[in-house]
Structures are given as C-alpha cells and as structure tokens.
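In the two assemblies presented below, chain A is common to both, partnered first by chain B and then by chain C.
And now, the complex of A and B:
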C-alpha cells in the first residue's frame, strides 16, 4: 500500500508543478493578459468540471447506489442539470456584471453592503457543508489504504489542502483544473471498463438481476469504521481476527468503530441502523430511496430541486466562470460543461451495481463510500487489482484536492475580503484557521454519507443564492430589503431543517423527507419572500438600468490591441 | 552582461478593479446606459427571457417527467435490454445526451438572439 500513498503524493507534486510552471511560462504583462482573455470555452469547461467533480461524485454516488439502490443515480442527473439552469439563467448575465462572487454581485446589482456581508456568511455555510464531506471521504480512503485511524486521515487531508493552497498550487488554476479533469476522467473510466471485463459472467448476471442480500454467500470480513447498530432475528456467531467469537443478537447490538468481524457463510445478514438489506424490493427501483422513509417520488423530486437549482449558487463554480473573456463564452462554457459531466457520470452506476454484488459486506460496515476503491482487489487479488486500486485512490484524491482547494480559497476569500477586510497575510492565516475548523467538523462526520452532506450544501445554495441571482438578473423590481429577507428566510429554513434532521427526534414518512431534504419548501419560500417584500417596497429608479446592463451583449470582438 | 527585463507585478484587470473597489468601499456609482444601448438591452432582455422560459419549461418537464414515468410504469424494471433492466438504462444513460442536446439548443438560440 506504500505504492498507493506514493502515487497520491505524485499527483500532488504534478499538480503543484503545473501550477508553478503555468506561472513561470508567462513572462510579460501582455502574455498574462492575453492568456487570461483567450481561455477557450472548451478548456474552461474542462476546468469547471475538474473543480466540480468532487469526492462526492468520484466515490459518494457509487456508495449511495450500494446503500440505497439504483435510484441514487438521480444524484448525478441533478448535478448535471444544474449547469443547464446555470446556462439558461445565470452564466452570461453574471459574467457581464463583472462580479466574481455572489457577494460582489449583491453589491453590483443592489448596492447593498449589508447584503454583501450576508452573502459572504452564506458562502461560509455552503463551503463548510461542501468541504466537510470532502475531508471526511479523503480521510476514510486514506485510513482504508494505509490502516491509519480515521482521524489521522482527516488531519492529513486537511494539511494537504492547506499546504497546496499555501504553496500556490492553484496559480494558473485553469490549467491545473483542466488537467485534473482529464486525470479524473481517465482514472474513473479505465478501472470501470477493466472491472466489467474482469468479473465472471455469473457476477455480471447477478449484478443486473439483484436478489436481496439475506444470507452471507461466503465468509465475509467486515471492518467497522463507524459505530453501527446491527439487528438480527436469530443469533449470529461472528469470528474476530484474533480467533475469538462474538455472538450477535437476537435483537439489537451496537458494534464499535475499529472492530473487525468475520461472518460465516450461510449466516443471516443483520439489518443496519434500522434500514433494510441491499438488493431488496426497493433497491432495484429507479427512484430515490431516502433512508427507507417511503415516498420515493417525493424524495427524487426533492433532491432534484436542490441539486438542479443549487449548482448556480456554488461559490467555487461561479468563481471559475470569470476566466471566460465575456458573457458569450461564459454561456458556451456552461453548455460544454453539461456534455463533459455527462461523460463522467455514465460510470458511477457501474461501480455501484458491481459493488453490491462483490462487496456487500461494506454495507454492514455503515460506510459504503469506499466501494469504488474496494472493488479491484475483490476482482483480482494480483498486481492488476493493486494497480487499479492505486489508480482509483489517486483519482479520488485528485477529486478531493481539486474541489477542496477551490472551496477553501473561496471561504478564506469571503472571510478576509468581505467579512473582515484585510491584506494578503490575513488571507494566509485565514486559510489555516478555516482548514483547522473544518477538520474539527469532519472528525465526527464519518457516519454521514458524502452524497447527503453535499446535497445539503446544494440545498442552502438553492434556497438563498438561486433566488437572489435569478430575481436579480431577471426581475427589475427586486429591492434590497426583499433580497435580504429572502436570503435570511431561505437560510433559516434550510439550517433549521438540517439541525432537525441531525439532532431532532426521528421522523417517518413524507415529513421525514421534507426535513432531511427541505428544498421543495425552502426554495419556493425564499422566492416568495423576496417577491412579496420587494413588491411592498419601492425599487430605486436606477434598478431597471442595473438589471438591463446585465443583458447587453459585448460588441463583437476586434483583433487584440497592438503591443 | 545582458540586461534582464525589469520585473513588474502583474494582476488581471479584474483583480485591479477589485483592489480599487476594496480601497474605496462604499463608493458605488449609479449604473448608466446610453439610450441606444438601453434600447438594445431592453430588446435582448425580452427575447432572452422568452427563450429562457421555453428552455426551462422543457428541461423541468423532462426532469420531472422521467420519475413520473418510472412511478407510473414499474413494468420498465422488468423489460430488459442486453439483460439490463430498461429503467436502469433510462436513468443511467438517457438523461446525459438529452441534457447535452437541450444545453446546445439553448446555446444556439441564445446566441442567435444576440447576433440580430
């Protein structure tokens, strides 16, 4: 496994080198300016996709398929659909406003420093909800391949991100991110194709004919990485690696994190944390099964609302669009991104479906996000399997790094630029402080699936920045008070629901879905608040001009000015 | 000794603007448009709004429609193409080319509006 860690280190070094070399290659002022103006939409959309494809996409989606079923493939559909909403509603006008971030936009369109600070606070919330699962998943993968404890993995991940940022790894960011996209695409597709070819015909057949996982078909080793409550109807005797025996059940038994148990062939599979077993009746349905709450149609639509409308408000994605020279190419960038993401997202399902057949024991461990990296060694214990594992770990780490560095930069920028204005030195310190806080938040988050946490980030964005941007760009009568109230209501609603889902009493049925996935009510609520409060006030006389300016196209580009 | 070019601190125009704005916080100018530009912007705004609504409705219909189809016809899980359930393929493959097509259609229409 040392090889794997070395490979991860190599990716980091290459990333840093491209960043530094990209800067060194630009000698003169005009080189720099021309480069920043001539980034083609295709290169830029590769960079957008590179920044966007996070650990949640690389590992999380396949893990959710193993845990919840085929319906989890709706997540990547929502992640991609977000760029269509972005293309239609936001891309070109946002670029033409000249604003790099939503706080900038708030000030440019509504001239409100108060709203600017509020938006910066929302950036922090979205960033934290998005970064914590990245750190968590990177920590899990590191602890899996190196047998270090989880917390060490998280701390290493945090240090790596802050170090990359501090050493300037994100200079010449467009090239770095475009490179990262290619790396991730290759490292995801090659092992997937190999896996499909390498499994036996029977395994392939079982993969598409799911049967419920009720009895262990072979001796199955389960490494528990988080505390898990198992429930069985009859007693199961499991062996420990040191030769001892543990009797589980009948009834509920809590297994502590760090334990390893070997379940014998033929034993009944316990239920985990009150959920069912994978491959059951609901598993093969193409609708989202949210924690066995039922109402799969509502759950699917709730998640789609959050992801499709939340993408346009993700701070690290919006930032990437300003490297487009004008509104027209920002629009092209968004369209190409839809196509590029579509290629990547054809493959998480392959890992998920194979994972259910080959590593069903992962489901018992309570953490399915490691399924992608666990698969190759199951299929081929030899060097090919080890090579494929290494490729996937490297890809997962690249995914984690690309998204995290971008997000950490945005978070630190929001703190040091919008909330507590200060110089560059302040920015460096802010980066370290923010990374420290996020690592602390990630430590207790191991049991929370990456896909779910990331979707909460999308939900906050959809209930705050989506109405702000959409109404700011398309509705001249939006007022400052209206915008502020809408953002506050959306933020309070979403955070309240998330707190309720995490710490509140257990709920059942559709109420549980609307608490765990509040977008269907928080988004309309935020929009309505903004409209109603704005209509009761009076927009300033320049409001219409401020909006129309965003829709005025640039004059056709002439040849670059003489040097 | 050959003289090396003088080192200059280079920032993008946007960074420079941001720095300026950072220093003069609070100085915000009332947005203005020439009458000619205002007229063009008004026309573009209306046309883009119409086209955008059309594309949004199409996208939303497809995105909401597919789950409804799955809920209404569970038989799609039983029909198999190359032994894979048809509903799995409709979820794992079909949306991506469809969304790309919608994106390029919207891009083409939006750019055509601006060419006029």
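And now, the complex of A and C:
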C-alpha cells in the first residue's frame, strides 16, 4: 500500500506543478499570433467535464449501485441530462451577458446589489454541499489505502486542496482541466475493462443475473468505518481479528466505527440500517430505491428533477462557459459535454454490478463508496491488482482535486468578491478559512453517502439559481423583488427539508422521499413565487434592452483572427 | 421651523428625511424620485397636500388633491412671474436652480410661509446638486474619451519608413507589414463603443509588435502567453498597447543588444491579471511613481492615462502596478475583474 500512497503523493505534486505552470500551456515561444485564436468548443467541453467529474462521480455512483441497486444508475443520467437543460435554456444567453457567475448575472440583469449578495450566499451553500462529500470521499479512500483514521484523511485532503490553491492554483486553467478529464477517463476505463476481462465467467454471469445476498459464501472480513445498526433474524457469530468472538442478534445490534469483524461462511447476512440486502427484489428494479422508502418512481423523478435542473446553477461549471468566445460556441460546448460525460458514465455501472458480486461485505460496513477501489485486489491479489488499485486511487484523487480546487476557488471568490468587497489580497486568506470550515463540516459526514450530499447541492441550485436564470433569461417581467423572494423561498424550502432529513424524526413513505429529495416541490414553489411576486410589481424599464442583449447574436468580430 | 414643535420628529429624523429628499431629486423635478420626494416633503411640512412642478408646469402630487385648475393657474403664475404666491390654503413658491427658475413647490393647507419658502430653497439646493453631479459626470466622460490613447506619431513615422525601405528588397514582407499597419490603425482609430475584448486587444498588440520587430530587427524578442479563459474579458479600448509601446520605447530602444518583451494574461479567481514585462533599462521607482501621478512630462502620458482610465472604470483598487528598478527591467501589471456590470464590448 506504500506504492499507492506514493502514487497519490505524486498526483498531488504533479497537480501542484501544473497549477504553478498552468498558463504555459498556451504559449507562443518566440513569435506570436496565437493569442487571438479562440479555444475550441471541444477543448472547452473537456475542461467542463474535467471540472465536473468529481470524486462523487468517480466513486460515489458505483457505491450507490452496491447499496441501493441498479436504479442508482439514474444518478449519472441526471448528472448528464443537466447539460441538455443548460444547452437549451442557459448556455448561450448567459455567455452573451458576459457574466462570470450567477451573482454577476443577477446584478447585470436586475441591477440589484442585494440580489447579488443573496446569490453569493447561495453559492456558498451549494459549494459547501458539493465540497463536503469530496473531502469525505478523499478522506475515506486515504484512510482505506493507508489504514489512517478517517479524520486524518480528511485533514490531509483539505490541506492538499488549500495548499494547491494557495501555491498558485488560482488560475482557472482550461488546458489543465481538459488534461485532467483525459486522465480521469483513462484511469477509470482501463481498470474497468481489465476487471471485466479478469473475473471468472461465473462471476460475470452473476453480475448481470443478480441473486440476493442472503448468506456469506466465504469468510468475509468487514471493516466498519462508521457506526452501523445491523439487524438479524437469527444469531450470527462473527470473529474479531484478535481471536475473540462477537454474537450479533437476533434483533438489532449497533457496531461501532473502527471495529473489524470476520463473518464465517454460510452465516446469514444481517440487514443494515433497516434496508434490504443487495441483489434482492428491490435491488434489481431499474428505479431509484431511496433508503427503502418505497415509491420508486417518485424517488427517481425527484432525483432527476434536482440533477437535471441543478446543473445549470453549479457555480464552478457555469464559470467555465465564460471561456467560450460567444453564445454559439457556449451552446456547442454544452452539447459536447453531454457526449463526453456520456462516455464516462458508461462505466460506474460496471464497477457497481461487479462490486455486488465480489465485495458484498462492503455493504455491511455502511460505506460503499470505496467499492471501486476495493475491487481490483479482490480479483487479482498480485501486482496487477495492486497496479489497478493504484490507478483507481490516483484517478479518484485527481477527480477530487480537480473539482475541489475549482469549487474552493469559487467559494472564496464569492466571499472576497461579492460578500466582502474592497480588498484584493484577501482571496488567499479566504481560501484557507473556507477550507478549514469545510474540513470541520466533513468530519461528521462520513455516514452520509457522497451521491446523496451532492444531490442536495444540485437541489439547492435547482430551487434557487434555476428559476433565477431561466426566468431572468426568458421572461422580461421579472422584478428584483420577485427574484429575491423566489430565491429566498427556494433556499429556505430546500435547507429546511435537508435539516429535517438530517435531524428530524424518521419518516416513512412518500413524505420521507419529499423530505430527502425536496426538488419536486421546492422548484415549482420557487418558480411560482418568482412569477407571482413579479406580476404584482413593475418590471424595470430597461428590461427589454437587457433581454435583447441576452438573445441577439454578437456582432461579428471586426478584426480578422487569422490571415 | 414648524416641525421643531412636533415631538414625533426628532432632529436626526428630520435630517434623514431631508437627505432622502436630496437623493430622490437627483434626476430633477421630473425624475423618477420626484413623487417620493413630494411625499417626504409633505410629511415634513405636515401639509395635507403638496406638489412639485417642473419647468413645463407638469405636477407630481402627493396627499389630498386640490382643485387642479386653480393649481395649474397658480403654477403658471409662479413660473412666469417668478414670485411666491403664499396665501393659504393654496401656496406656491418658485424653485431656483443655477441662474434660473427650475420649477415650483405647491402646498395645500395651513402651513407657515417661512416653512414653505425654506422647503422651496431646500428643494432648489437638491436640484442644483443633482445638476452639478450630472455635469461632473459628463465632464468625466468627455475627459475619458479625450484620454483614449492616441496612436503615436513617432511610431507611424518609423513604421512607414521601414515599410518603404523594404519595398524593393522584400516586397512580400512589405505588403504583409502594410496590412498589419492598416489593421493596427483601423483598430486604434475605430469609433466604436468604449470597450473591447481582451482578445482584440491582444490582436492589436501583436500587429504592433510585428511592426516594431520590422523596425528593430533582431534586437526585439517577444513572448506572448495568454490563457484562453481571459480572452473574452471586456476591457477599455487600448489599455495594453500603451504599456507595450512604453516597454519598447523606454525599455528596449535605449539599451544595447537584444531585449525581450513578455506579455502574459491569466485568470486569478474572479480577476484577470495581465503583465507586460521587459528586460530593458528600467527606471528609478520614484520616477515611476511620478509618472503614475501624472508628473512625468509629456513623453510618458501613456502609463498615467491607462492608470486613470482603469481606476475610473473599475474603481480605485484596480490601478496599474509598476515593478521596476534602474537596470532591472520593468514589469507593469494590470488587474481587472473578469466581469463588471456595464463594461461590455
């Protein structure tokens, strides 16, 4: 495992070096006439994908497949479909507005400094909901490959991100992110292809014809990284590594974090936190199974609403579209991004179904996000397995770093640029402070699935920025008061639902789904509020001009780019 | 003053109200804030109805409506005769701003004459201030336009000389340079809006440098490195070219041997940072300070000009930063926000 750690260290160093010399990617050595050549939509979409594919995509989706079933594959569908909504509704007008961020857009379209500050606050909320799972997943992977405690992993991850930023990663380098996308794609696809080739034909068969995981088929070691409640109908005797024995059940038993148990072959599999076991009836239903609340169709639609409408409000992604020279190429960038992400998201399913067959014990530990990294050594204990594990850990870390650096920069930018205007040198300090706060938030979040937290980030974006952008771009009668109240209502609704899901009493059935995935009611609520409040007021007189500015094509460039 | 006797108006409240009236009347007596100003004045005077008329006689009214014919006749009289008509319950006082009359204040109800006159002169001061602000703004705009960097005659002369000398020996290069020159002059003399994109700015300095390389030959080496994220950023016209010209004329031309000019542009968070660096003769930092303060003499107006324009457009934080010492070359750093409302190419 030292090799893996060295590889991770190498990734950090390389990222740091690329960050320091990032701008050199576009250079004209002794002559010139390159600067006015614009960046192509394909390259820009690779950069968008590189920024977008986070540790949650790299590891989280496969983990959700193991835990919740193949219905979790709707997550990548939603993550990708968001770019279609963006392509149709937002990409080109947003680029024409010239705005770099949603707060900028709010001020440009409605000339309201108050709305700007409110949007900046929403950026902070989305950024935190998105960054915490990145830190958490990086911490988990680090603790898994190095047997360090979880909190050390999280702190290391936070230090690496803020150091990368503070030491020169402040640039939003397009070429670096495009390169990162290629790295991630290769590091994800190569081990997947190898895994499919290396497993036995029976395992391949079981992977696509799942049977319920009811009894351990071999002695299974489970490391519990979080507190987990197990439920069995008959007593199970598990061994501890030091030779002791633990009897579980019958009934509910809570296993504390940090314990390791070996379940003997043939023992019945306990249920975890009241959920079913992998491979069961619900597991292979092609709809999202949200913590066994039932109503799979509602759950799927709720998640799709959040992700498809939330993508357009993700601050770090939106910023990338500013690189496109005009509205037309911004739209093309979004189209290419759909294709590139589509290629990447073909593979989490492979890891998911193989993971259910090969490492079902992970499901007991309550943290399935490490399944991708755990697979290769199960298939081949030799050096090939170790190599593949290393590739995947490196890829996951690259994904984590690329997204986190971008997000942390956006958060610090929102704080130092929109919320506390005045100074210029404050950005670096803000980066460090924000990273510290986020690490503290990530420490208690180990039991929350990365996919879940990220989807909450999407939900906040869908209930605040989506109405603001869509109505701001397509409806001239939007007023400041309307926009502010819509954003406030959307934010309050989503945050209230999240707080309820985290700290409230346990719910059942469709109420539970609407609390855990509030998008189906918060998005329409925010839209309605914005429309109703706007209709009662008077739209600013310049709104027609502002709309024309957003929707008319740019004048053709007068200076010839190349002769 | 009548409001002093009423306990619910403390002096701070009155001050606040008066300041708000000044704010509301920024755009004159017929501006969008006039109705709010009338409402505030009516409360201040404790009158049942109050109106503000502009020079055309059109009224903005607050409170109880009065007989409209009587009011417009009264306003007409006041505007023509420029005298106060103060016989309660309908009173009107002229509002003077600058050298002439700007409108009238109409008050309905039992209000003391002195109060009406006092209010009218307060309104006059507010209108006057709004006018001064607007004219200061216009003056600044005009100055900004005048400051728009001009093409240097020195450079035009050199470029044309070099092109004509190449005409025989290397007609291809001469025609190439002629096109560059045409391109450059079109860009510098263009009468478009006040802003352009950084990409066009870079294109302009590239043509400029191509011409300078023809003039200086091998003595000038150039490196341009631009990150694609900043190419679409909107900036005022010709902010970079004077900096590059400065580097060539005061950095490279006076020194012996070859010199290198590096131009880089990159994004740093929400800002875009451009630096123009030469390894030429440099200067005394005190001298650089004088130049930025506008005390550098006619030869170096370029830097001070760019500095002033940047500060005017983006605010006091966004001036030029000059790093230099004698013999150590010069680096000029421009920092602009990647998006600023109102700054559009």
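By our rule, the second predicted complex is superposed on the first by the 537 of 563 C-alpha atoms of A that agree within 3 Å, B and C clash if a C-alpha of one lies under 4 Å from a C-alpha of the other, contacts with A are read in each partner's own complex, and residues count from 1 in each chain.
To be clear about the criterion, contacts are C-beta pairs under 8 Å (C-beta built on N, C-alpha and C of every residue); 3 or more make two chains touch, one makes a residue touch a chain.
Since the model is a prediction, treat every value here as computed from it, not as a measurement.
Of the two partner chains placed by superposition, A:459 touches none, neither chain B nor chain C.
Of the two partners chain B and chain C, more chain A residues are in touch with B. Contact with chain B, but none with chain C, is seen for A:338 once the two complexes are overlaid on the shared chain. Using the contact criterion defined above for the overlaid structures, shared-chain residue A:54 touches neither chain B nor chain C, since it reaches no partner. In the superposed model, A:164 lies in contact with neither chain B nor chain C. Once the two complexes are overlaid on the shared chain, A:417 sits against chain B and chain C alike.
Touch criterion met: A:296 reaches chain B, while chain C stays clear of it.
Once the two complexes are overlaid on the shared chain, A:111 sits against chain B and chain C alike. Once chain A of one complex is fitted onto chain A of the other, the partner contacts of A:409 are limited to chain C, with no touch recorded for chain B. Of the two partner chains, chain C is the only one that A:325 touches; chain B does not reach it. The interface of chain A with chain B overlaps its interface with chain C at residues 26-29, 32-33, 36, 98, 100, 104, 107, 111, 322, 417, 549.
Residue ranges on chain C touching chain A, taken from their complex, read 179, 183, 186-187, 190, 199-200, 202-204, 206, 209-210, 221-229, 231-232, 234, 264-271, 317, 335, 337-339, 341, 343-344.
The touching residues of chain B, counted against chain A in their complex, run 5, 8, 10, 12-14, 17-18, 22, 25-26, 28, 30-33, 37-38, 40-42, 44-45, 48-49, 52, 55-56, 59, 63-64, 67-68, 70-71, 74, 76-77, 80, 83-85, 87-88, 90-93, 95-97, 99-100, 102-104, 106-107, 110-111, 114. Of all residues in chain A, those touching chain C in their complex are 22-36, 38-39, 44, 98-101, 104, 107-108, 111, 170-175, 322-325, 409, 412-413, 416-417, 422-424, 427, 549, 557-561, 563. Put simply, chain A touches chain B in their complex at residues 26-29, 32-33, 36, 70-71, 73-74, 77, 80-81, 83-85, 87-89, 92, 98, 100, 104, 107, 111, 113, 205, 208-209, 284-287, 296-297, 300-301, 304, 308, 322, 328, 331-332, 334-335, 338-339, 341-343, 345-346, 349, 417, 421, 474, 542, 545-549, 551-553.
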